[in-house]
Amino acid sequence: MPALELSDVSKTFTMHLQGGLRLPVLRDVSFVAERGQCIALTGPSGAGKSSILKLIFGNYKCDAGRILVSADDKTVDIANASPRAILAVRQRALGYVTQFLRAVPRVSALDIVAEPLIVKGVARDDATARAAMMLRRFNVPERLWSLPPATFSGGEQQRINLARGLLPKHPILLLDEPTASLDAHNRAVVVDIVRERKRQGAAIVAIVHDDAVREAVADISVDVMHFAIAA
Amino acid sequence: MTAPAYNFAYLDEQTKRMIRRAILKAIAIPGYQVPFASREMPMPYGWGTGGVQVTASILGPDDTLKVIDQGSDDTTNAVSIRKFFTKTANVRTTTATIEATVIQTRHRVPETPLSEEQVLVYQVPIPEPLRFLEPRETETRRMHALSEYGLMHVKLYEDIARHGHIATAYAYPVQVDDRYVMDPSPIPKFDNPKLDDCPALQLFGAGREKRIYAIPPYTRVVSLDFEDHPFEAYRHDAACELCGASDSFLDEVITDDDGNRMFVCSDTDYCEQRRALGHGPYNAAPADPQGSSHTGASPTEPA
Amino acid sequence: MTTPDTDTPLLIAKGLTKYYGRQLGCRDASFELYEGEVMAVVGESGSGKSTLLQLLSTQIEPSSGSVTYRMRDGSLADLWRMSEPARRFLLRTDWGYVHQDPQLGLRMGVSAGGNVGERLMAVGARNYQDIRATATDWLGRVEIPHDRIDDTPRSYSGGMRQRLQIARNLVTAPRLIFMDEPTGGLDVSVQARLLDLLRRIVAEMRIAAIVVTHDLAVARLLSNRIMVMKGGEVIEAGLTDQVLDDPHQPYTQLLVSSILPA
């Protein structure tokens, strides 16, 4: 059983506010990600790369097809799972990292990074220690750790979000342009961590525009244009 | 002058029967407030119209009536009610607790222990103990029905939070027969222990609010409290300056314009009986050991 | 970290319907709520969301349908077949109800300590020091200074009142809490603080919650699941982020697109 298997996944948006305009985005998306494998989704902007990640994460509702996520001897079809089952999979097995931090008011950077571990059941002290290591790795100055990141610069927020998203060792990791606008050092950090996770057996689906980064992490490229619907 | 033709004890027989039914129900459900069709009485609310209606309904020609107000037989209120029943029922009246068969009271329980032969009728201004915190009558009734009495302790909690101790000194809430929480009317909490296991029938009448409730003889009555702030019956730490009693509830009386004051028994009958037996201010020590303990019971005891 | 019994729902609503005379309040609402889940119910005024909340919290009796609750001993109880005392006991121990208007949920003439302590005294707590210690602890958890414990909520700001109401509800460690527009009527900055507090406490205590709100931002921040109501019916339900990011019903799309960009 592969860690992740998409078969014949289709997605169409219906815009009721525009007279029921139907906007087909993806048709018959099928690919497989094995443990320890990194799939890079390629294709021009608007081809539906991010939509695929959102479908896998359950953020978009799948119209047709199957999205099988396997971890800990359990397989869940995200396309048909109950909200509760999707939440459980996300908590247990599915990481989703974008470049944008959804800042929560009044929560410190350190707590934001540690939260996914705490939700998974890691003791608060342990989770905080591991979060601190991650923030250090991404060169987030220690004086910022105790502050809520709402007022931080875009770059700092992005690094905090990466630290948060990459900290838990999820068996399946979805990366949406994690390195966009990062400096060379932090790009290297991301590459290091992604390779680490691959060695630990994670299946990874990534959207990476930076050719060098993609070459460094991806095993297979999937061209989304195969599934895109010509507008 | 022609005296108007009153029925015995003023109320007509139908009304008395209605009130007696309410009283019977109240006795059957100790501490429960029974609604009744309170009548207009020839006195204003607050002067004991509830107590008067209860007394009128239970009084018979052979009864001896005592009326006290704050322990005293000779205040306006007590005198008026006594006169009222002398005129409308022509019953014998007394100021001696031991002689009375029916005692109507406002704000006190006599010091002299009561007997099975006696009925104590309380005048009640506000029958609902929960009202202080929950003004909705629909809600307080439901709380009684379901024994949801947490709120009563909130009141005591507030006392301790504000004053460091339970400062409620009057109308101190009690639980009757392990069931209903009841307002004992504004008696000092010093009197609360007298309600417990009392041989006399105790009836409570609230005229304005049209409620009657009761404590049958020998019923368990417990004053609410906290483990770490137990109920305490408070009295001034002094002896009566007239009779020397150190076990009675005392009134503080200002004696002149210089602020001099004295403590005297609030129960005037008790004080007089003791003085008649030779107790006095300098006689507080039990020189005559029989005296103080016998003031009450023996004369009424059947041979 | 798995807790036992998480596979049995905490609350099951089946076909909940309420007519006010001939006027429809809510039709055929069905869902299951599990321990620790936070569900938002959104919709405009008159959509039936408040009716639904009242049906679930047994404040009004449904015209048809049922609400089943898993009691602390694991047994399933049909709430409308329970005796009234048992239902009221549930409401003040295992449940909480946070009103939009804190005056409805608090005793305005009673000190903060008394407000928090009432539920404890209602279940038999009779030690003043213990009650006060617990109340003090809870005031701290909702960020009310300890020296305000003997003040009545009349002297509190709107935000403090709402936080006190939350403490009053949570002191008995309920497993389910109902919230009716918990941040309605508060200033934006006060709202943010309250939401953060609620989010944290609900997560830490693993309380299940049903939050009625017309504010999608509140729903997004607090809830994992969402039900969208319109004209007395649930028209769309699912994961909160899925429904808000990929709304299917015309009305939901309208709701989502009506939010001013932040």
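In this document, chain identifiers A, B and C correspond to the written order of the chains, with residue numbering beginning at 1 in each.
Everything below uses one rule, namely that a contact is a pair of C-beta atoms (placed from the backbone, for glycine too) under 8 Å apart; a residue touches a chain by one contact, two chains touch by 3 or more.
Predicted model only: the values in this text are computed from it and were never measured.
Participant: Compare the CA centroid of subunit B with every other chain's and tell me the farthest one.
Facilitator: The chain lying farthest from subunit B is A.
Participant: Mean of the CA atoms for each chain, then the mean for all of them together: which chain is nearest?
Facilitator: The chain sitting closest to the overall C-alpha centre is C.
Participant: Mind checking the centre-to-centre distance between subunit A and subunit C? Centres are C-alpha means, answer in whole Å.
Facilitator: Going by mean C-alpha positions, subunit A sits 32 Å from subunit C.
Participant: Could you work out how far the Cα centre of subunit A sits from that of subunit B, in whole Å?
Facilitator: Computed from C-alpha means, the inter-chain centre distance equals 77 Å.
Participant: For subunit B and subunit C, let me know how many angstrom lie between their CA-based centres, rounded off.
Facilitator: It comes to 47 Å between the two C-alpha centres.
Participant: Could you pull out which subunit B residues touch subunit C in their complex?
Facilitator: 133, 146-151, 153-154, 157-158, 160-162, 225-229
Participant: Under the stated contact criterion, what part of subunit A meets subunit C in this complex?
Facilitator: 13-17, 54, 58-61, 83-84, 86-87, 104-107, 119-121
Participant: Can you tell me which positions in subunit C touch subunit A when the two form their complex?
Facilitator: Within the complex, subunit C touches subunit A at residues 1, 34, 37, 192-193, 195-196, 199, 203, 221, 224-225, 238-239, 241-242, 245-246, 248-250, 253-254, 257.
Participant: How about subunit C: which of its residues touch subunit B in the complex?
Facilitator: On the subunit C side, the touching residues are 84-85, 88, 92, 107, 109-111, 113-114, 117-123, 126-129, 131-132, 149-150.
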